[in-house]
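Chains here go by letter, A, B, C and D, matching the order in which they are written, and residues are numbered from 1 within each.
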Amino acid sequence: MPERRKICVVVNSRANYGRIKSAMRAIQQHPRLELQLLVGASALLHRFGSVIDIIRNDGFEPTAVVHSIVEGETPTTMAKSTGLGVLELASQFENIRPDVVLTVADRFETIATAIAASYMNIPVAHTQGGEVTGSIDESVRHAVTKLSHIHFPATERAHEFLLRMGEEEDTVHLTGCPAMDLVADADLTLPPDLFKRYAGVGADINPDRPYLVVLQHPVTTEYGQGFTQISETLNAISKIGMQVAWLWPNVDAGSDDVSKGLRVFREHHNPDYLHFYRNFSPEDYLRLIKHCACLVGNSSSGLREGAFMGIPCVNIGTRQQGRERGANVIDVPYEAGKIEAAIGRQLAHGAYEPSTLFGNGTAGNQIADILAVADFRIQKKLSYVG
Amino acid sequence: MPERRKICVVVNSRANYGRIKSAMRAIQQHPRLELQLLVGASALLHRFGSVIDIIRNDGFEPTAVVHSIVEGETPTTMAKSTGLGVLELASQFENIRPDVVLTVADRFETIATAIAASYMNIPVAHTQGGEVTGSIDESVRHAVTKLSHIHFPATERAHEFLLRMGEEEDTVHLTGCPAMDLVADADLTLPPDLFKRYAGVGADINPDRPYLVVLQHPVTTEYGQGFTQISETLNAISKIGMQVAWLWPNVDAGSDDVSKGLRVFREHHNPDYLHFYRNFSPEDYLRLIKHCACLVGNSSSGLREGAFMGIPCVNIGTRQQGRERGANVIDVPYEAGKIEAAIGRQLAHGAYEPSTLFGNGTAGNQIADILAVADFRIQKKLSYVG
Amino acid sequence: MPERRKICVVVNSRANYGRIKSAMRAIQQHPRLELQLLVGASALLHRFGSVIDIIRNDGFEPTAVVHSIVEGETPTTMAKSTGLGVLELASQFENIRPDVVLTVADRFETIATAIAASYMNIPVAHTQGGEVTGSIDESVRHAVTKLSHIHFPATERAHEFLLRMGEEEDTVHLTGCPAMDLVADADLTLPPDLFKRYAGVGADINPDRPYLVVLQHPVTTEYGQGFTQISETLNAISKIGMQVAWLWPNVDAGSDDVSKGLRVFREHHNPDYLHFYRNFSPEDYLRLIKHCACLVGNSSSGLREGAFMGIPCVNIGTRQQGRERGANVIDVPYEAGKIEAAIGRQLAHGAYEPSTLFGNGTAGNQIADILAVADFRIQKKLSYVG
Amino acid sequence: MPERRKICVVVNSRANYGRIKSAMRAIQQHPRLELQLLVGASALLHRFGSVIDIIRNDGFEPTAVVHSIVEGETPTTMAKSTGLGVLELASQFENIRPDVVLTVADRFETIATAIAASYMNIPVAHTQGGEVTGSIDESVRHAVTKLSHIHFPATERAHEFLLRMGEEEDTVHLTGCPAMDLVADADLTLPPDLFKRYAGVGADINPDRPYLVVLQHPVTTEYGQGFTQISETLNAISKIGMQVAWLWPNVDAGSDDVSKGLRVFREHHNPDYLHFYRNFSPEDYLRLIKHCACLVGNSSSGLREGAFMGIPCVNIGTRQQGRERGANVIDVPYEAGKIEAAIGRQLAHGAYEPSTLFGNGTAGNQIADILAVADFRIQKKLSYVG
């Protein structure tokens, strides 16, 4: 390998960017590393808030962009987007020749990245391996683990699970999740104009009054039930009577059903307490949830960043099932009554003690330091055979 | 699910067809199952002996064909072929709507199949999970396991490894490998005209005299070394002085280097003892190796079918490293002298005792019976979390 | 060719369906023809009103569906959608083996269809060749002509232009446009519940009072100007003070800008006279425009069906430049004042005399009859060389 | 546009490189232009002589490479290769942002280039427009014309045909074909070691004795007849009894049939007068044909470069039908007897007077000069409407 290793980070969505940004910065600033950045998939789309603009504002210039979303938000198109991602990323990797590819979590773009790189004999580094959830993400996360050459799990249990799955011990590094670094480093004061910085549609939100944040994604393995599921949440929210910052769901199969639920509700009820946002910068998102009265939905941020900040969180349905969580989370099924009740309990409780379950805020630097010196064995071997 | 479950088998290469044929037959004949057959990738290519013609001759009519090989046989094109396979298979699955997709082993077409089906919430059934080898196949096999909903491992150790990797116990069925069924059922007498049935190029082979069979594929994780590696084998073979039936390598990255080695050797030495074949039918291939003096190279058939038939086998290099094997295999590195010596030892030894390490010849029927009644849980769950 | 020729129609959008439906029906009912139907691209998307549902309601069952839109609505993604369409359609054609492929007009799906079929030696039949417009459609339409083996132009001038471009005389058949057949055959009475049949968002429309219809697509060759362009139209409309049925734009590059203009206007002005629709069935769309006070925008339907029905039409900008038109059209640039004035003039004028410029309502049957007996020469030849 | 216009040349095959090389050089050296170079398709493949290595040796460094051949060489895979080419080229264009894309002739990669660029509002420059031939190239060439913004035809007739097809006069520039520049500029002395510079297989060729050159490609519109067609040529050649330098056919549909014919002949007849080559550098190819006794087959080089150099040429079948030609060409059908007789006549005749029908050797510089100053109108318009 050359003196300065080229570390290629592939960023494909709002969520992924916040989970890898501190590692990108650490790589960019590391004397023995060079950052290559590919931005693709929903991170390029206006509909998801043009994450690429935020990335550029943060001082990262993409080496190349990769359009790979086949439109439709169905199981078929999600599969096809994966295939298109592999096709495109292979071309990019051939032209920019990274020494290592770093990929995040468990999305279809993640496995597309891992497949392209591993077939091309480029070592794959992976964050968030060993965690447990619902949705197709659960299968994909572990499949990516089996394609990856170095692992940066976020929790002790995840670290142990990776070893049990047969990953070789010297390739697994418990660094915590880079998302915690952002929390640790950012000034999380609520900017008075936060709700004005992003357009969106709906009622104005008064930052001086309590507000909820809702973020509920489709569950791919429950495809077809998204409309019903989101309706339960909407019914619960409408009874709470508190202003709400609501983020549109991600690009997964079923997103259309969720969006339809939101649009229909908005059209029929014309609620004066709801504002819909496409996106926030990673730090503004942290500020947003840091100061909310309760974070509602099925985003992993309630469990991950939520634990670190002690945010009251109501987690709905199966998307996060099996994932580790702190005391800040109350789990409920897709039932309006139970969602409402759980929000009520969280409002009564208020903030929780912070927890470092998912990291202590140093992951990005650790990852960069390890990538700078690691020996990679392209030929993987199941640890069971010794 | 409907009364007759639609089981879609995806066949992509010569090797895969022989490893799944008995299961295809059992599915085709099962009263509660319907066979859907997709044929794609190298199974469509003249260069690899037009496997699709053999499939049709066997009485299986493809539901659809899928061209997905991006030409080049480099790491990049192998990645891109995977992506193209996902794109295409997703379309096919959408249009034929299988209840289960059955995929074989560890090739790029295998993971393409598993990704397309699993994102589409179609249960994935997988054979050969839990085995250990070299090459990128090692990573891909385990990744496919993590995407699969039901597993049909071939050996006891593979069964155990699948459980250790976190697959849930009721989804893992030790059936043996369907390839053994073919051996058990076929008339393996050597047809006098076997060597005339297939065209190929080179010297005539006399079936009444001893012959070697050589089959050496590229090792993707050692890309760039194929020419040197095959030259060692060619040097060894040229010293043995026995007639040889040599099969061209598969479509993996590096195939060009191996083929170049073969062509250069043929052009320079004009050997009067070598015949090159593109392909045999699965049964003819079994007859071919059943009666050979020694099977040389790095094909898994030496270890799998070879164990069942007790064929003397010299296994070269890393491609099969870590795989279980019977007494019939001698392992050697890429060194002409050691290859030659090992062949000499095998010629002196002759046939071995058969072993049922990889199955007892009933796998196809077992697989069909299980697929007919299995309950599939689309939402996978790592068994460690209970 | 077989007794019953298989004619494959590829339908990719709302607009294309209405322009080919009568030919589909005629093919379906023709004793010597068999209809194969591929539905793809935006015709599959919820965002464009799920045209496929309307097609099924009309009694046409798709032979297969083809997802091929790469999301983004930029020039890049429009190009990529074309490429993906070619990839997918080639697979479909290989599996369903049509005798002729019939493709409509000038969209990226049209050229994708023509390329796939012509490289596969399948005769390509084409409607709307020889017309002249703006946008990339202008280039694409003529390119499709050069790939097509039989032409069904809509107008006499188009017929002449095809000959001048070098198409051989016996391959060019002046049939008129099948869209006119729908107008001729449908009961165009305004259903009292028309505006309730389709969901959409915005104010209720009273069918007993006059209304405008607006349909303004992006112009790909003016990419980046869509927001400004649509704002002019919105300003004009807001001054007219008449209720409006507004259709969302198509999937072309720049659609996002147009949609953004519409959403921003709606959010800021909360207009009580605007209803936004995704789609209508072809016949309902005809009823809608038949009874409108004025059809505003840049849709070709103002010029084509508009001529046949004598609908007052204000055509904005360059998208239709050079296209033939009847007396019913007033052309204006992207300027609010001029748009408003032209609408005013049309409201004062009222309905026009019908014109058969684009056909007399018999195109579908003519096309089917010709396809049933035509001799196709796969090898094209520029007529200039004799 | 910026001070130095970025001109992106897309090179996809052996033939295309020689036809554009002088323009590439002129662009590279032009003070107001910058050369961007994409190399893809068969130009990357070892099987076609790794044209990319020759390009690099000539001092052109590819900006990026693009793998886009879907393997199979059938009509289906040719279509799919076109689609994959569009997908890939769109990504590359987005990332390197050319001001103009320059594309050559009439191949599937040519139309892929033209589609990607024209949908992206990048002006397309095209060489060899307006010529007439057989094969699918005939349709594709004219389709590319309709997508192109500036034309550099090679002959006066082609120039006239472009105008008749409706291209606007100020966009059509009669420059001649850049291939002639190479002939005019190169030292065409036959290097004594020419036949040793390239590997290939078969008999040694003695440069001091007369030799034939054969180059016969598949005709896509006669798919399935390649084996028979090439057999006629082989029979004719075998009767001439002169040594032969034979080039493998290109990647078009049917190539497999032609190659099979060559391999079968070689295997059965073991001819001691035939050497098969994959490729020559453009200049070495000119030297090769300059000194041959007769150029046989259906390559356009017999008509184009052949005219300029006065090479006796026997043109077989329909691939070049309708193309302009000089006195140096005798046309024959696919019949061994007639091929043999025509070769005999050419051997008796010897060299012809040179002709500047396809250019006078200044095309490359003219093209560069025009591209440096041209005004491009992205919105095309059929000239017929004035």
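Following the convention adopted for this analysis, contacts are C-beta pairs under 8 Å (C-beta built on N, C-alpha and C of every residue); 3 or more make two chains touch, one makes a residue touch a chain.
The UniProt protein names, listed by chain, are A, B, C, D = UDP-N-acetylglucosamine 2-epimerase (Hydrolyzing).
Predicted model, so just to flag it, every value in this text is computed and none were measured.
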Using each chain's Cα centroid, which is most distant from the centroid of chain A?
-> D
If you tally contacting C-beta pairs, which pair wins, C-D or B-C?
-> C-D
Per the centroid of Cα atoms for each chain, what is the distance between chain B and chain C, given in Å?
-> 50
Between chain C and chain D, centroid-to-centroid distance (C-alpha), Å = 38
Note: chain A residues in touch with at least two other chains are 67, 76-77, 80, 84, 87-88, 90-91, 94
Quick one: which bits of chain C touch chain A in the complex? Just the residue numbers, please.
-> 44-47, 67-72, 74, 76-77, 80, 84, 201, 256, 260, 263, 267
If you look only at chain D, which of its residues touch chain C in the complex?
-> 75-80, 82-91, 93-94, 108, 111-112, 115-121, 132, 134-136, 138-140, 142-147, 161, 164-166, 220-221, 223, 253, 318, 321-322, 378-382, 384-385
Can you name the residues of chain D that touch chain A in the complex?
-> 64-67, 84, 87-88, 90-92, 94-95
